[in-house]
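You will see chain A twice below: alongside chain B first, and alongside chain C after that.
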Partner chain A sequence: MGNTVVLTPDNLSELREALKQAAPNSKILAGGTDLVLAMHENRCSPDLIIDLSGVKELKYVRLEDGHLHIGAVTTFTQIKENEFVRKHALCLTEAAALIGSNQIRNAGTIGGNIGNASPAGDTIPVLMALEARIRVMDSLGQVEEKDVDELIVGSGKTSLKCDQVITEVIIPVLGDDYRSTFVKLGSRRAVTISKLNIALVVKYNHVLNTISDVRVGLGAIGVKAFRDRRVEEILNGQQADDHLAQVLAEELSMTVQKAIPGRYSLPYKKEAIKGLAHDAWANLS
Partner chain B sequence: MQIEFKVNGKSCSLDICPTMRLIDLLRDELGLTGTKEGCGEGECGACTVIIDGEAVNSCLVLAPQVRGKEIITVEGLAGDGELDSLQQKFIEHSAVECGFCTPGMLMSAKALLMKNPHPSEEEIRQALAGNLCRCSGYSKIIEAVKDVASLS
Partner chain C sequence: MSKGFKYVGNTFPCSDAARKVTGDLLYGTDMKLPHLLHAKLLLSSIPHGIVKRIDTSRAEKVPGVIKIFSHLNAPDKMFNSFRIIPGQELCIEDEPLFSRRVKYVGDRVAAVAATSLAAAREAAALIDVEYEELPALLTTEEALSNKEVKIQPGGNLAHEYEVDVGEVPFKAEECITVESETQTQRTHHGALEPHVCLAYYDCSGKLTVWTPTQGVFGVRTVLAEFFGLSYSKVRVIKIPMGGSFGGKQEFLFEPLTAFMAMETKRPVKLLLDREECIIHTRVRPAVKTKIKTVVTKSGKLQEFTADSTLDAGAFSGSAPDYTSSLALKVTKLYRIPHYKHTGRAVYTNTVKSGGARGWAAPEIITATEVHMDQVARKLKMDPVEFRLQNLVHPYDLDLVLNLSVGDARVIECLERGAEAFHWKERYNQGMGRGRYRRGIGAACGAHKNGMYGGFVDCTSMVMKMNEDGSFNLNASLHDVGCGTVTAMGIIAAEVLDVDPNLITVTEADTELTGYDPGCYGSRVIYNVGACAKETAEKLKEKILECAAFILHKPKEYLIIENGSVFVKGTEYLSLTYKEIAEKTLQENYTDLSAAHTYYSPSNPGSYSVQFAEVEVDTETGLTRVTDFLAVGDVGRAINRGMVEGQFQGAVQMGIGYALCEEVKIDEQGKPVNNSFKKYHLVNAPDMPDVQVLLIEHEGDDGPFGAKSVGEISAVPTAAAVINAVNHALGTSLSDMPLTPEKLLAAVKNR
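So, the complex of A and B:
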């Protein structure tokens, strides 16, 4: 690691310049809570690190044209405390509040959580359920938008080119008739890495007591988070009652059994997800 | 690489190895050994310091990240030969047993009180959730912080 170069751009134009030097073994440093540890444990020895700490232009939450725009270097503390996020994407507020400890939330960023592509990353199933788009920029300043599912390709793997960086998360706001939540299960109640997590978004018709546009994001099951379209179809248009909570629990258990057959954690996860499903359902009402 | 930052009110300009962690910069380069390394992976909070008003784990910060920033370590709490009220209350409540978690506990509590001088017990517990004490001293620590929070 003695030869590692750290570049410290202070704005977007310096960032583009820095990206010109990026190679396959280079790393982007956002908050550092994952990368610094990986380097210290010799799991990762980049030749070049581009530190985004100084790029203040990437630290914001804005509400524009019916979308939340969140800069990649916005911390979980800033997201958790933001009123726009709470009002329009409550499940993201809940996820940010449950990540790590206060110290981790003060350093860790949403862009870092996506780019690190951990199978247990808490914002990933949430952003899938919110149908977020991820804006990325390359060394020439060219910008493109990707779905979370396109951007994350496996455990710790993204489809980003080495000269691309995540700059923004764009979330269509949920209407007033939507409800959303995020729940997770880890080995302790607080400050824990998810062993399972669920993001749930539904459109609720209070006259008919039915739900539609159901979106279920699941994390920490297999190598990457995913939308459970099968369960979404089963729930769409149904009566929002206790029976449906039971259906959700049983069907998610089925999903776990299909997703990780033979995995040592399967006997635990296929039962545990039922309790987590009931927690999620209870949060919606 | 050359970086400039402030620690406990003093300006520093240092030539550092860019892959060094903040905790190593503080302890090995600056001799500020009050900051402790417990787990080294962001679980225990013993290495907590305050950067620009926010509590962070110094074992998860790369030294170049602190350029231009203002750091407070446990050494920065006492001033003019007088203990900070948090330190005083930790002593009065016997909230220190082996003492290894204490600097981190103090810095997490200090960051909370800097933002919110009168936090509720729940807010105190939230702020300290990332700090582990293996001598089972949580109750006394919470009481000590509550005591400071009740001071006008």
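So, the complex of A and C:
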């Protein structure tokens, strides 16, 4: 750790300057709830750390032209307490509230959760289900937007170049006829890492009692969270009744069996996801 | 407030609470000494093998490294971390400072002493070790069946015992036979403070060691014997401790830290991290117990036959004593005409087993109480009714120890607890048919009060009154966090009728405080507390004698009240303690102090009965404990809030024991969950409100009737939870812990 340089930019222009010094072994510190631990355990020894905690410009939640804009350094506590998020992307509120402990939520950020790309990261399936776009900036100030699925390529791996940083998460707001939820299963009720998590977004027609535009994000099954398009297709246009809850449970169980065949955790996960699916469904109604 | 007491039975904050909350209390990790070196361990990455080569050349280049230690430059001499007195039985010396043949993943291979912890860490990671791997025996079954691989020179059987007492009764009635098998798992103690130790060997030849230990005199014995030093030249000072639960009971790191200090001629601090605490120090042993009982159809126990196998880990340590103790609990709890218990400790290539809260009682009582529910079910009897027919009565004889169980109030605990918990109504309610199933469970537990009947149990104290009427109680206490220091002050304050804040109580320092074998074995309140009471009484007599002299009245005419001495019937004739102390010193040239040694005269049982309600999610396998009542036969609560807190903390530990805690070791011998991220303790959101009901009588020899609480509180918890889960699901699960994975499999297979 002795040879690590730490840069502490105070604004975006200093951040761009800092990024010019970044090399493949450099790290962005966006809360540090994973990175600092990894360094203490010698799992990672970066030559350069760019600490985002001073870049106040990246700490915000705004509602603009039908989109939620969340700065990358916004903490989970700020997200879970934000009224815009609660109104327009409830599943993200729920996910932020279930991450780690109070201390973790006070330090950990949404940008850090994405950049860390943990298979069990709780906001990742949520952002997939919300069809969020991730804004990324490089050392020259050039900005591009990516899907979460493009940005995260594997367990702990992203497609970010070393001079790129996540600056913002952009979420199309869900209309009033949408419902969403996030549920997770760990080995205890709180301060736990997901063994399974589900983000569920549906458009609900209360006249016909049907659902459409179903989006299912799944995490902690395999190396990377994913959208379960197969199950989404099965659910689209269906009557939202108890039978459909059962279908959701059984089909998600099928997805688990396909995703992690032969894995030690399979016998448990393929059963437990049914209970979790029922929880998610119950939250929607 | 308890009837007739002024201080005893009230609630007082722990003497060091303010210092702990503000961060003002200095723990080992905070301590600094001039020229201090920091040590870091290098632990074995393989479960069994020979260290062929240690290359320290890269590590030595790290700036700040002073010396690197391994078997190459350390003595071959062995020690036993459990030795308290020189000639202690069953203490095999088989632990080296560093292993030449490593015997588990986490065994000590080397250590670096450097001028900073960062440098020591960096260097430790740069030591290259080459091993020749040997076959690893990871389970007791493998270790017993494999005759070729010997973990210790004498083979893999570490210890055996057999207890057979009473006689098979004439069976006037028809009987049933019930058999069960329970597996309890290895657990980590989970003290917040990791292990730490500081040592300095000065140029006069005196070794000083600062350690958060449970027994300074045991540390001194081990160190003096190991290094060939005079007992008077080894000074061991107990420093503040952030929890032990038995994990710091044995003398694990004092010899190593002292060795490094002697070699470098500088003070050395060894501080472990969480992973090292989990994989390297000690674990609660895994125990498999088979029980067979013969019971009359009307529910009277006739015969109890048990067979236990304890996983000792890689060397002996405390395992022989711990294993033998498995046979010392059941006959304190139940009236059993014929009790037979065979058992053994077995070496395996896994982390060493060691002392843990309850010392064999949680292991054997869990197996027993899970079994008793199975018996009740087979008899179609209510499990509480069944137990009531068989529990011990006050002053019964414990057949195994040939000792009285004392004023044992376990029946009262069960009766009053069942009433408070509304046991009958709740037990007969349905468990539900939907996704969530509810169940309730009860379990009884027994534990001891000190060492009387088998080991040294005496303690020496000195108490003095200062010139201003305040007091100092000089005692070899080891407060492990449960308020021992405060409790001793309350006891002395009650005797002397002064504010406990006027009494300063010391902790242990081999050079300055009297002998005491250590604060463990549930001996502290019962015996050390009794010593505090008698020492204060001795001093009180001296105060009265001096007052009699000053007042020119016979001692028998005097009474003590509220920090003053009065002449009976003539209230205007009185002296405050301050006046007595001043006059005694100034006019009579006399010091007011009393020295006392107390010898424990008995060892009654302490009892707890606990009731749990659980809700099992049959779709995810997650279990929540939704209600809990802990009843304790504690004789007398000295510091009521702390006694209740002991139960609440014990329940947190016991729920984890039942449901989630386990140090898992994979097929390669590697511990899987080596951090609190992976080793889950029960946290606040998962805790029920724990109600505590204390049963108080004064039938035994403890101070004001007090009996032990710290260990007994943790004895029946896991069984109560497991019995509740089995009640909820209609199962007979006994393979601990009852994880979601196991519960879901049980639900599916039913």
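As a convention for this text, the second predicted complex is superposed on the first by the 285 of 285 C-alpha atoms of A that agree within 3 Å, B and C clash if a C-alpha of one lies under 4 Å from a C-alpha of the other, contacts with A are read in each partner's own complex, and residues count from 1 in each chain.
Just so it is clear, contacts are C-beta pairs under 8 Å (C-beta built on N, C-alpha and C of every residue); 3 or more make two chains touch, one makes a residue touch a chain.
All figures in this text were calculated on a predicted structure; none of them were measured in a lab.
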Of chain B and chain C, the chain that contacts the larger number of chain A residues: B
Which superposed partner A:Lys274 touches (first chain B, second chain C, both, neither): second
Which of chain B and chain C A:Met39 touches, first, second, both or neither: first
First, second, both or neither for A:Ala190, with chain B first and chain C second: both
Chain B versus chain C as contact partner of A:Ile49, first or second or both or neither: first
Which of chain B and chain C A:Gln103 touches, first, second, both or neither: first
Touching partner for A:Val6 - first (chain B), second (chain C), both, neither: first
Chain B/chain C common contact set on chain A: 1-2, 190-191
List of chain A residues in touch with chain C within their complex: 1-2, 42, 185, 187-193, 267-268, 271-272, 274-276, 278
Residues of chain C that touch chain A when the two form their complex: 118, 122, 125, 435, 617-622, 624, 660, 677, 680, 682-686, 739-741, 744-745, 748
Footprint of chain B on chain A - complex, ascending: 1-2, 4-6, 8, 29, 32-33, 35-37, 39-41, 49, 51, 53-54, 77, 100-104, 106-107, 190-191
Contact footprint of chain A on chain B as seen in their complex: 1, 17-19, 21, 40-43, 45, 48, 54-57, 59-62, 64-65, 67-68, 108, 111, 126-127, 129-131
